[in-house]
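Below you'll find a set of structures to go through.
In what comes next, subunit A is part of two complexes: it sits with subunit B in the first one and with subunit C in the second one.
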Partner chain A sequence: MLGFLILLAVLVPIFAPYNVVQSWNDPGAWTNNPKLAAPEWSEVFTGKHLPRTALMPYNGEPGGFDKVRISFNVSNQVYTTVVLRSSFSFQADAFPSEIKMFMTTVFGNVTGTQIKVFWGRPDGQEIHIFDANPSVRAPYENTFSLTGPTIKDPSYAVYNSIRDWLILKNVTSETEWDALFPRIGGIYQNPPKAQTMLMGKLDHSILDPQTSEVLKGNYSFRIEFNGFTATDDANARAVVYGTVFGLAGTDFEGRDLLVALLWGAPVALAFGIAGALASVLIQTILGAISGWYGGLIDEFVQRTADFYLIIPTLPILILLGILYHLGIVLILIVLVVFGIVGATTKVVRSIVLQVKEEQFIEAARSYGASRGRILFRYILPRVMPYTFALIALTVPAFIFLEASLSFLGLGDPMLPTWGHILGDAYGQSALFASRAFPNGMWWWVFFPAAGIIFTTVAFALLGYAFDKVLNPRLREQ
Partner chain B sequence: MPVLDIKNLILWYRTRKGPVHAVDDISFALEPGQTIALVGESGSGKTSTANAILRLLPKNVLRYEGKVVFDGQDVMEFDTEEFRKVVRWRGISMVFQGAMNSLNPTIRVGGQVAEPLMVHYDVDRDEAADQAIEALGKVGLSADTARRFPFELSGGMKQRVVIAMALILKPKVVILDEPTSALDVMTQTNIINLLKELKNTEHLSYIFITHDLGLASELADLVGIVYAGQLVEVGPAEGVFVKPKHPYTGKLLASVPRLRSEAAPDFIPGAPPDLTDPPPGCRFHLRCPVSFEKCGWSAPEFIEQVRLLQILEETKNTVPAIEAMTAKGAQNLLIKPVANGTVAEFAQRLTSFIAQNQETYRFLKSVESVQAKTKVVEVKLYESTPPPLLGGDWRASCWLLAGAGS
Partner chain C sequence: MGVVRHLTRRAVFLAVTFVIAIYVTVVIANGFGRIDAILKAQIYQDLKQQYARNPAFNRLPPEEQARQFNITYNATVEAQGLNEPFLPKTVRYTVSALLLNLGRATQLHSSDGSPAVSAIIFERLPRSLVLFTVANVVAAVVGIWLGLWMARKALSPFDRGMTVLSVTTFVVPPWVYGILFILVFGFGLKVAPSGGLTSVPPPPPAPLLAAFPPLIAVGLAVAGYLANKHLRTKYRAIGYGVMAAGAAVLVAWVLTPYDYFKDMEWHMVLPAAAVAFSVFGSWSYTTRNLVLQVMDEDFVFAARARGLKERDVLSKYVLRAASPPIVTSLALTLAAAWTGAIITETVFNYPGLGELFFEAISLQDAPVVIGLTTVYALLLVVTVFLLDLTYSLLDPRIKALRR
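Now for the complex of A and B:
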């Protein structure tokens, strides 16, 4: 188990370089991923072929949009028209979670620059989904959602276009539509699910997302851009988001959880091992000094240990986390500072009190070895075996502590740790069943929790193994 | 000139019961190449003497006095650092009791033997390792022993390692504190032969601490008999072992079982005295078969012995009936008789009892006078001081030797 973890920790930076982690908190870096998608392999439980994400990149990139640009002059007025086209094959048994379109546009200082978007279906239908005006110039992207209701107008335009199209095709009537999707003050109270209508079989069942059947085949985008200067231009890309992604799914920002899960291992290992090593070694040395030198030093160390033992570390860390927003290194330092003396100091002291009465210590004194030499060459090597077991058993405590802090939102905000993911999941109610996720977002909770358990169990087993090797009474045979 | 001359060495420990007189005025001198065997019962202060010489003191030291002249210098005057640098291991080294525990279990034998070198001289590792192998060779161990850990060695090998460790700095005096006590007889003989050989090749002086008189006679030139923190007899081995002067030495020798002898080994009655409160006079008088007037019985001891007589089968009917006894100072005690007859009659009976029994119960010899008072009988005991250690090369501390009158 430990070997696997260490291998993982070594291989992770190769699989997902650190800059992936750096972009963890940048929502722009994850726009091509579906949000809240389950792992791809989870479709074996549903028995359906679930949609993957289809990307249609910009014109100029391989597999990108086709583009035609015409610029002409009529009575001193320049007109520029750009037509962009792309299509994709959709063969899944379920509807995509979202369809989005992104455009970079160059336009003059003239209002009225217009974008027309058409949606072509395998059954030959073409819906004029919406018209819109670009709001930002290149290199920034204008984002249009073809499905979800957003505060911006295009989404409502989508609903209206669909309604008009369905009425035209005699699938529904205006009264039925209004009854199904009532509006109060122009706002849909129970908005239609656009992708089930854009991609459903054209009959009455299309109105209900539960009954709507997926129409498989080739769908296409057609985008017309009309500008009024000679330099006007436009480019577009589109994403049809699936409902499953990768090996570990995604979170609410569309972030690939696999990255965070894998990076959680080295972070947890480094944090746990560094913390346990530092605090247990310092405690061991202080305990040995306390037992070996005795007297006032002993008294001082032991009383300090008593004091430290009654200080509640977690509340202090929470307080510090709220006040200062600690990074992971600072959290580690605080933990070690609050752990320089403690239970291990007391255990080691009592072992040293036994060892120091042994004859080889007296022999060492008699041939003139200094107190320091005896401490480091004679006493500490005798204590070390216990210390190794203690280190192994302390690592899980540190991993848990880091996870707890991250869970509470007080960990390092920049690093995707297991606790951090769990905290996000908890914040987004991942474990509550909803209409969209009847089993909850189990992948969001299960994998990081499994990671923590796997690691702590690995170290606990290592600790017991040490114990077995070092404690003759537990030795088998 | 003696290589080690110890004069009036005193080491008392502080305990809750009072001061323990572990080493109480011990003196002896050791010439180069000589071996002195310190022989005595457990708890008699042999190891404390060794510790006092090497200044290996526990925390509860109460008194630590005397002169330890090593190589012409009084090392008791040295401060801790000077003592550590000059005396410990460079001048006087020690082989501890129980070699199995004297080795650090976490260091390889080679490193262990080289430890004193690395502590005292700034030798680099390789040279220290070479010297360690050389020292191991001297005690008859092969070079590959150096790479082993102590737990891989047998008892005899461990003992040899400890001896190698004691010799590595080429000291003049080696203290051997029961070097063979945990070994079987064959290994004991091997080790003793090794020690004899090393003594000649390395020109060593030994202080050989043991309770085994046989081993002591093998190795020793001088013998010092230790009893209750004091040397009661010190002299040449051939003399002390053949014709001991002190009664304790005699009893000790008689307690050794002999191979072709019908006589059962003798024993010494009683137990060694409590060193927190050593007996006055000669410390052996309580157990001595030949004690007499001068040996230093005190009133409390006398009372205790009389109480013993009152319950002993042989004497309980003949002891005059006593109601109470109280000590009045160290030499006087008052005895209140049971009220039948006069006090004078009781004094009469007591005197005659003493006269009849003083050869069997020798403490009765210490009675100087019995005086009848109005209600009680006052018994006066002889006064006494500890016997001096008298004699030239062969000294013993016993009033029998000092002469009754002096």
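Now for the complex of A and C:
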């Protein structure tokens, strides 16, 4: 287990460079991924073939949109028309989560530059879904959601186009549609789910997302761009977002959780080991000093240890976190400071009290070794083996402290640690059953939690193994 | 007089610790004086803006403007107590925190609308107390029982398996198990509610008495069992009767309609299970190791030689001698469980003290955070003191001093 973790910790930084982690905090880097998608293999449980994400890149990239551009001049007025086409094959048993279209456009200062979007279905139907005007010029992208619920999107046009199309095909009537999807001031109060209609079998069942059946086959986009200067141009890409993604799914920003899961391992290991080493070594030395020198020093160290054991550490750490928004290194330092003395000090002191009486100490004393020399050259080496077990057993405590603070939103804000993901997931209600996610967003919480447990259990077993070897009482029984 | 002297010393030490802990909290919560500076700057800014909008003020000569501004500024700062030097102020805050005079919350309020921190805290305190007491008692009973059993079958596959299980479960805090339990039992198997205090909407209210039958049932069963251990065979019917009464109470309770308290208890199952699962390992592992150490002692050998049953040897001789160290080594583990409640309750959306802490952090409600830290420190100190008390009652050597 530990070998696997260390291998992971070494391999991840080599194969996944650090800029992956930096782009973690850049929402623009993840627009091609579906949001809140379960892992791909989870379709084993549902027994359905769930949709993957289909990408249709820009014209000029492999597999991209086909493009035809014509520019012509009629009585001193230039007209430019660009037609972009692409198609994708859809064979899944469930509807995609979202359909989006992105366009870069070049257009002059003439009003009326227009985009027309047509949606072709496998059954030969073509729906003129919406008309829009480009709002930004290249290199920025105009984003159009075909399924999004926001008013800014042209989806209201999408709903109306679908309505007209369904009425034309005698699937529904005006009165039925208006009863199903009431509008107040032109705004849908309970908007239809566009993808279940754009991609459903054309009969009465298409009106209800629960009964609508997926029509499998080739779908196509046809985009017409009409501009009024000779330099006008347009290019488009489209993404049909699936409901499953990768090995570990995605979070609310469409980020691939596998990246964070893999990066969580080296971060947790480094944090846990560094913290455990520092705090156990300091505690060991203090414990040894306390046991070796005795007297007032002993009393002082022991009372401090008692005090440290009793104060409510986590609440105080949380207070510090709120006030100072610490980075991961500072968090580590604060945690070590709060663990200068503790249970280890007491254990080491009791061992030193036994070692003190042994003959080799007496021998060292008899040839005139100083007290400090005896402590560091004779006693500490004797005590060290016991501290290995304690270090291994302290690593989980540090990993969990970091995870707890990150969960509460007080950890390092940039690093995607396991606790940080859990905190994000909790903040986005991943642990509540909703209609869309009757089992919560289980992938979002399960894997980071499993990662933490796996790592800490590995160290607990290591510590237990050390304990068995070093603690003769346990071994002989 | 050993016990009294020992307890007095501990009480004094714990009281001093408590005071220092509260003082540290107050100093940190006030940002080492930084918060005062921020507040002063804010008052300065607010006054400047207020005066800039005042035409009458702007007509005054500049010296007069400055004079008036300073008078108002100083008066406001004085009124909010920001001129008080930092040190005496923290002392004052500490004293009022120690007197449980916790002030008013800035954002949160109790369910009946009171902004007093003590009202908010004491509304939620019983919920946390019940949840964590039940969970820890269950964990302790199960853990000690398992530990004894493991020690009896030392080195068997059962012992090895349970040791590994204990060692690996107790390093993981309850909230992580909470997450897994919600996924597995709440969502996957749907056997228990995944969170909250009650269902939404809550079932019909019930008198407070309705909350106790399960406790009474368990109490009767334990009483009957213990009585039978000390009664001769022909009187055992009494014990069985008491146990049957317990069972009857339980059945009657199950048959009564589903009320508010049943719903509440039902919602406590998963959080309590998560806490118990992460705590029982330390009880069983410690019990096993200490019992194995004590089993080598001569008096145990003597007890066996007298032909006592293995069961009696274990419960009357071994466990008795091993219990003081078990209690000490676990005193602080148990006390630390209080602060672990912060995330456990948040995960289960259980409106106790921990969840309150989380809310107070999210809303940056400093008086509530300070008040809660005070209550946590108090709970820790009281728990440790109670354990000290138990220890001194259990330890035959301290008892001997009293006689």
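Operating definition for what follows: the second predicted complex is superposed on the first by the 454 of 477 C-alpha atoms of A that agree within 3 Å, B and C clash if a C-alpha of one lies under 4 Å from a C-alpha of the other, contacts with A are read in each partner's own complex, and residues count from 1 in each chain.
Here is the rule we go by: a residue touches a chain if its C-beta (ideal position, glycine included) is under 8 Å from a C-beta of that chain, and two chains touch if they have at least 3 such contacts.
Fair warning: this is a prediction, and the values are worked out from it, not measured in the lab.
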{"item": "Which of subunit B and subunit C A:Glu358 touches, first, second, both or neither", "value": "first"}
{"item": "Larger contact residue set on subunit A - subunit B or subunit C", "value": "C"}
{"item": "Subunit B versus subunit C as contact partner of A:Leu7, first or second or both or neither", "value": "neither"}
{"item": "Contacts of A:Ile318 with subunit B and subunit C, given as first, second, both or neither", "value": "second"}
{"item": "Subunit B versus subunit C as contact partner of A:Ala230, first or second or both or neither", "value": "neither"}
{"item": "Contacts of A:Val469 with subunit B and subunit C, given as first, second, both or neither", "value": "neither"}
{"item": "First, second, both or neither for A:Ala449, with subunit B first and subunit C second", "value": "second"}
{"item": "Subunit B versus subunit C as contact partner of A:Val68, first or second or both or neither", "value": "neither"}
{"item": "Common interface positions of subunit A, toward subunit B and toward subunit C", "value": "none"}
{"item": "Subunit A residues within the subunit C interface of the complex", "value": "303, 306-307, 309-316, 318-320, 322-323, 343, 393, 396-397, 400, 403-404, 407-410, 422, 426, 431-433, 438-440, 442, 445-446, 449-450, 452-453, 456-457, 459-461, 463-464, 473-474, 477"}
{"item": "Subunit A - residues contacting subunit B, complex", "value": "358-360, 362-370, 373, 377-378, 381-382"}
{"item": "List of subunit B residues in touch with subunit A within their complex", "value": "54, 56, 84-85, 88-89, 93-94, 96-98, 101-107, 115-116, 119-120, 162, 165, 169"}
{"item": "Residue ranges of subunit C touching subunit A (in the complex, touch as defined)", "value": "13-14, 17-18, 20-21, 24-25, 28-29, 31, 34, 154-155, 163-164, 167-168, 171-173, 175-176, 179-180, 182-183, 186-188, 194-195, 289, 292-293, 332, 335, 338-340, 342-343, 346-347, 349, 357-358, 361-362, 364, 369, 372-373, 376-377, 380-381, 384"}
